[in-house]
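Below are structures written as structure tokens.
Next, two complexes with chain A in common: one pairs it with chain B, the other with chain C.
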Partner chain A sequence: MANPVTREPSEQSVSTGRRTRPHHRFEVRSLGEVGALAVLIIVFFAINPSTFLSIGNIRTILDQAATPLIVGVGATLVVLMGAIDLSVEGVMGAAGMAFILTTENSRGSVDLGPLSFVVGIAMGAALGVAAGLIHTRLKVPSFIVTLGFWFVGLGIATVLFGTETIPLLPDGGIKAWPNETFLGLPHSFWLAVLVIAVGWVVTRFTRLGRFTYAIGDSEEVARSNGVGVARTKLYVFAVAGACTGLAGILATLRLGAGAPTVGGGVLFLTVAAVVIGGTSLGGGRGGVLRTTLGVFMLTVLTNGLILSGVDSSIQSGVSGAVLIVAIIFAAWPHRSRLRIVK
Partner chain B sequence: MTRSTSRRTAAANARPAAGSVDGAPPPALRLTRITKTFGPITAVKNLSLTVERNQVVGVIGENGAGKSTLLKILSGLHEPTSGVMEVAGRPVQFRRPQDAVAAGFGVVHQEQSLLSNLSVAENLAMNALSSTDNATRFGWYRWRQLNREAAETLARVGAAIDPRAIVGDLSFVDRQMVEIARALRVDEQTHATPLVILDEPTSVLERNETAILEREIANLKSVGSVIFVSHRLDEVRRICDRIVVMRHGEVVADRPTGDVTEDDLFKLMIGHAAKADKRSDAGRTVGAQNLVEVRGLTRRGEYRDVSFAVRPGRCLVIVGALGSGRESLARTVFGAEPFDRGEIRYRGDVVSSWSTVRATRNGMAYVPAERRTEGMVGGFSSTENITLARTGARPRFVLNRAGQKKLAREWFQRLDVRPDDIKLSLQRFSGGNQQKVVMAKWLQSDRLRVLILDHPLRGLDPGAAETVNDQIRIARDAGTAVILLADTLEEALDMGDDILVMRDGDVTARFDLSVDTPTTLDLLERMV
Partner chain C sequence: MFRTRSFRKHLVAALAVVVLGVSACSTTTGAGAGGTGGSQAPIANEDLVLVASVINTTNPYMASMIEGAQALGEKLGVEVQIVDSAGSSQTEISKIQAILAQGKKVALMVNTVASSDAPTIVNAVKQAGGYVVIWWNKPDSLEPWDVGNNFVAFQKYSGVESGQCTGRALAESLGGKGNVIGLAGVEDSTTSQTRVAGFEDALKAYPDIKLLEVQSANWDPQQGLSVTQSLLTKYPNQVNGIWAADDAMIIGATNAAKNAGLYNDIKFVSDGLYPPVVDMMSEPNSPIVGETFHRGFMAAAIGLYTAYLAATGEIDPATLPEEKRDSLFKLACVTPTDFQDYTKWDGDVDAWIDTLIENGPWDTEPTPLVGQGPEKLPGT
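Now for the complex of A and B:
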């Protein structure tokens, strides 16, 4: 291996039979996903040579990918533990409404300035904590809890929306921020890059992140190894909620108005991206960068199909088919043994 | 290592007492009248045990004798229902595994307790993460340091394992070495005097690895204490200063090693003496036709061109070292793995599209080595597990509860399963008793014709092993063809009528024990 500091266990030690396989920091299989993404890009470029790789379309793709990328970081952490977070669409709505009503808007409710961002993210984190508490304390499966919190979030958003006029963001100012560019690429994308970087560091270098892998492998064994399983889960749901809250704010900025349904469609996109990227739904395997690949595959696919003039109803069918094919391929190496055929 | 710089937090209850009343150092561990109950079941009853400093104490007992519960109490996984636990003269309570680590307790569990998706180094550091270990201080991983420390620890047990390797990629033996290395590491991680608890660490180790372990135990003895749980009576006698025998949750004997013989220990454990001669060919129903025949069977990467045949009432033992391909071969015969070339004949006919369903329908049974993951439904009661493959008497789609219970009771008695509670969920039983239930599942079937056993004795104590072997013999004598992957060569010579020796996927020798009399050395030579 490349690291000269770590001495290879030397020859004088007793061999315990079979040599161990070298450990690859990036599993070889990710190359498959990179390849699939490259194939998609090449195919759509061949079909739409003038438009697909234009700077404008690249910006569109990156801007569209930003929201699911941010949600995907939190979702990956949750799925790594073997849990799932289905609440993202509701939480995005609640966080988005909380944000828009505390910033400068057409309804003129309150204007907390930059603090409104904190309010939005805190709304997401709070919902995540609540879901995490119910999941860990009352031992309700995350699937059910977060399904409930989807609608709790939508309910909060609807109450905040009320019956008054639609809250709109004023033209210019923060509304335009996501689409403005830095180094030629949209701010929304840079924000996603920042979140991904933090997510990667967390999963790679922190106890919280490594514990999510441990819990995903086996809660029982993790507990006997001294992992605070309940606490870790709670933190992860809080982090996931915060990510979703941030995504809700971004989606609201891009929409320019407050809407409880601002997160519509994001759930399928992120869960699919997590799986397509190669993070196991059973937990313990995968990572944030893989999800990033998954999001890009789906975003490029959607964008390319639109550019190629494919009917929108067929588009969703194609996305679903891609998901199923990806799951089949992802699960293939683990099929051979009897124990998996459950 | 990092002893001087690392700070301890929660270890206050484990600090050695400043001085004891009578001047002599307090024992490393003293248990007084410890009792642990699970609902109506008492797993450990009024157990008192003392481990002095610099002493190796052996704990032996049959499966279900309460050893595992005792170890779980000592590792902080179970809290005792009543009783007092003292470490170095101070009363302690272990509420979490971290408390046990902080008190200097390192445990090698019988059931593997490593996280298979993490690297060796991470697993080695896992227990220490809860405290402020340098390599992971403030929850931040310093990978280089982590890997370097892991390499040092692994070098200590002489294991050539890459600290960066993923545990799931390691062989069973290597994983066991990692577990041992982790337990031995407690003295580097805590200021407390180490007490290392080894739960049957040698059951899967080769001889040279066992020697390393024995050397490490001797080293540990000079700095701390060791509790050594094993089924190998000769080993316990060789390693331990004192031997504690448990039966039915109680301590039935606590003697210095010099005062007891192996026979004494066996009697104390089981309650009766070992049977002398197990081999008897009288009264067997041996069929004339081959029941299972395999010709030129090949699976790429596993085994090549294997042929053998088994007749009813005969036992074929396949021996081979790690990587011999015999496990895969056995699974193929049962239809659980595909093959590339060759044929399997069942009652003379070539089978096509062979599967586990067809195999089972035709009276084949498979007892897997990984009983926890493959052989049983842990959450089901033992009754449900026994009757899983066949749902009792007719009608077929309605479960006959009363019949099932009767069947379960009958088999519990025959196999001496403990605790004698047919409603208890199977995961609550000890390993040996689980294996008995798994065996009962297949043995109860009147359609049983072929019994394939993958390491049926792994991790079993002598008493349970004897029961299991007796049942295999009964089934064989009644006309079942047996294919056995034996744990030890002694077991192979004891049980087999024919022996097939494999090395790296090839058959290297065959012995018909009615004609040949190979020694274990003969077998070994062809295995490696």
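Now for the complex of A and C:
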């Protein structure tokens, strides 16, 4: 949420960017979210002392968080520009299907080996580029373009799925990779950490990152300062598409089967995580690490409710209510400074 | 101020749209609700279109339904149209209304997205002089004989029987002793509710089987995976058996167990015998110990053929016994030793359609009519 300290007029200048007080900004502004996450963890630990913080469950939470974390990095970049990407579920499906059909699978289509990962990620990036081109060249709002691309992606996935049998990954091999551990934590989580680290470096230390913030702050000011707005937007949509493609591959690996609906529920999870983390939907404020907090709040909540034995018919209601409370607490210190509530 | 005013304008506009929409709907349904349908002149093949409406096109069960509808259309020499509801009641209803408006008489089989869609669809079809058979979901109070001949029949497989059959298989495979968990479908789905009720009912005969928990995984493999993952950590080394309300979720559950290195330590049962599950059952010492066999292509073809017979005047719905208008069809319980007796039907859909046309919708093996709906939950 907004902190006027980091929004002094001098910082409007693109070249000096928003690097003045990176540590200060993250810590102070995120205390609410960190606190809310800590409260969730403490409450669930109190209810389930023997299971919630067991190593098995920590691995489970980290594994379940990995897919939305990776999507969340791309989604954060898009939201930072003041745009939105609603296409993630469809793009995940298309990328996941493109991946599984080009790797060793029970349908025996083609086996391109490691190239299949490239195919999946490229599918995501290509859809992102296409959406970005329509958004920037034809001046169609990102909301509409990406809504359309959700169904374009789902359509591609459905065509690839066809009417044949479900393609399955053979046991062992790459299917087992996300769940194997490194330093005690699942590979899927390490992959997410890597993507988050890259996302963080990009937003913090590169021109692309600074331009992204600048566009979100004010497109006109950015343009008059020489930012290639259209090109930056295109890059960001391509990166977001690639992240979503990678997430589609990971989700397919975890499931061990190809499914056009492999991204089901991810859109809500990531958009909510971006907002809960404190990235402004208006653009210009927030960051990748905040989204990480948001994803963890949501994942811990889902997992904790199941562990606490909350009846599944009231789980979604409870999780919605807990979320609203969490957001109120997280945003409390900033409530007077919120510029826009819409 | 500007923002507030424009927000109000939007709100007013949105309300207007909603009000208009509701009044438009009620006009249609209101006009269609009166009177019970009398008999109508038979419709010739060339004036008829067979329509199969499915919930989506990506679920293997739905793909099988489409296959059955197309095979039947080819055999009967009647045009077939497929409606993909894309998981949405609104899409389903508007696409069906568009087809009804095209002019040809419609014989419709619809696998309703939600029970509450049924009255609207039935009334629209009745207005247009078409014939409809509904599969799987309708409100218990909406009976075909109350609507008239245009609502030919409602058909389904018993969910209670499915749950009892797989519940029993799971308990037997554990020697009547152990802890089990259940994965339900969408919470408000009657199919899921009846299957869970049957499962819980079957376990009553096994006092040493403890049902640790039933959680919803929304018919979704991905959710089946993550719910199972969470439950396996909630009950470490305690889960001996996993029941799922359908095979999409058991695909997720078996993978969660494989990931946890527990696949061969847990027994699994589920409903539907999808192709990947057939493969798993074919493995030696398969942990998939029980399944039910029923097929989308059979359901769709039985439903469409019933509607077709009514449209062409070969049956008069008004004279049919009630069990042929609110029907439960036979579901087979299968195990690793006998499932191949049933999967043989998958090999030749066309030949099965021939037997359907020969024997009629209610007497075709392996799935003849066995009872009358609406289905009752055990103990009620």
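Basically, the second predicted complex is superposed on the first by the 293 of 342 C-alpha atoms of A that agree within 3 Å, B and C clash if a C-alpha of one lies under 4 Å from a C-alpha of the other, contacts with A are read in each partner's own complex, and residues count from 1 in each chain.
Basically, contacts are C-beta pairs under 8 Å (C-beta built on N, C-alpha and C of every residue); 3 or more make two chains touch, one makes a residue touch a chain.
All values derive from a computational prediction rather than experimental measurement.
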Under the stated touch criterion, which partner chain does A:214 make contact with: chain B (first), chain C (second), both, or neither? first
In the overlaid three-chain picture, which partner chain does A:158 touch, first (chain B) or second (chain C), both, or neither? second
Identify the partner contact of A:265: answer first if only chain B is touched, second if only chain C is, both if each is, neither if none is. second
Of the two partner chains, chain B (first) and chain C (second), which one does A:319 touch, if any: first, second, both, or neither? neither
Check the residue A:222 against both partner chains and state whether it touches chain B (first), chain C (second), both, or neither. first
Which superposed partner A:51 touches (first chain B, second chain C, both, neither): second
Looking at the overlay, what does A:206 touch: chain B (first), chain C (second), both, or neither? first
The residues of chain B that touch chain A in their complex are 75, 77, 96-98, 101, 109, 113-119, 122-123, 126-127, 129-130, 136, 139-141, 143-144, 147-148, 151, 154-155, 158-166, 169-171, 173-174, 177, 206, 208-209, 212, 322-323, 331, 336-337, 356, 368, 370, 373-374
Residue ranges of chain A in contact with chain B within the complex: 1, 3, 5-10, 13-23, 204-208, 210, 213-214, 216-218, 221-228, 284-285, 336-339
Inside the complex, what are the residues of chain C that reach chain A? 3, 57-58, 60, 63, 66-67, 184, 187, 213-216, 220-223, 225-227, 229-234, 236, 251-252, 255, 258-259, 274-276, 279
Touch list for chain A against partner chain C, complex: 48, 51, 54, 56-57, 60, 63-64, 106, 157-158, 161, 163, 165-166, 168, 171, 176, 179, 251, 254-257, 259-262, 264-265, 302-303, 306-307, 309, 312-313, 315, 342
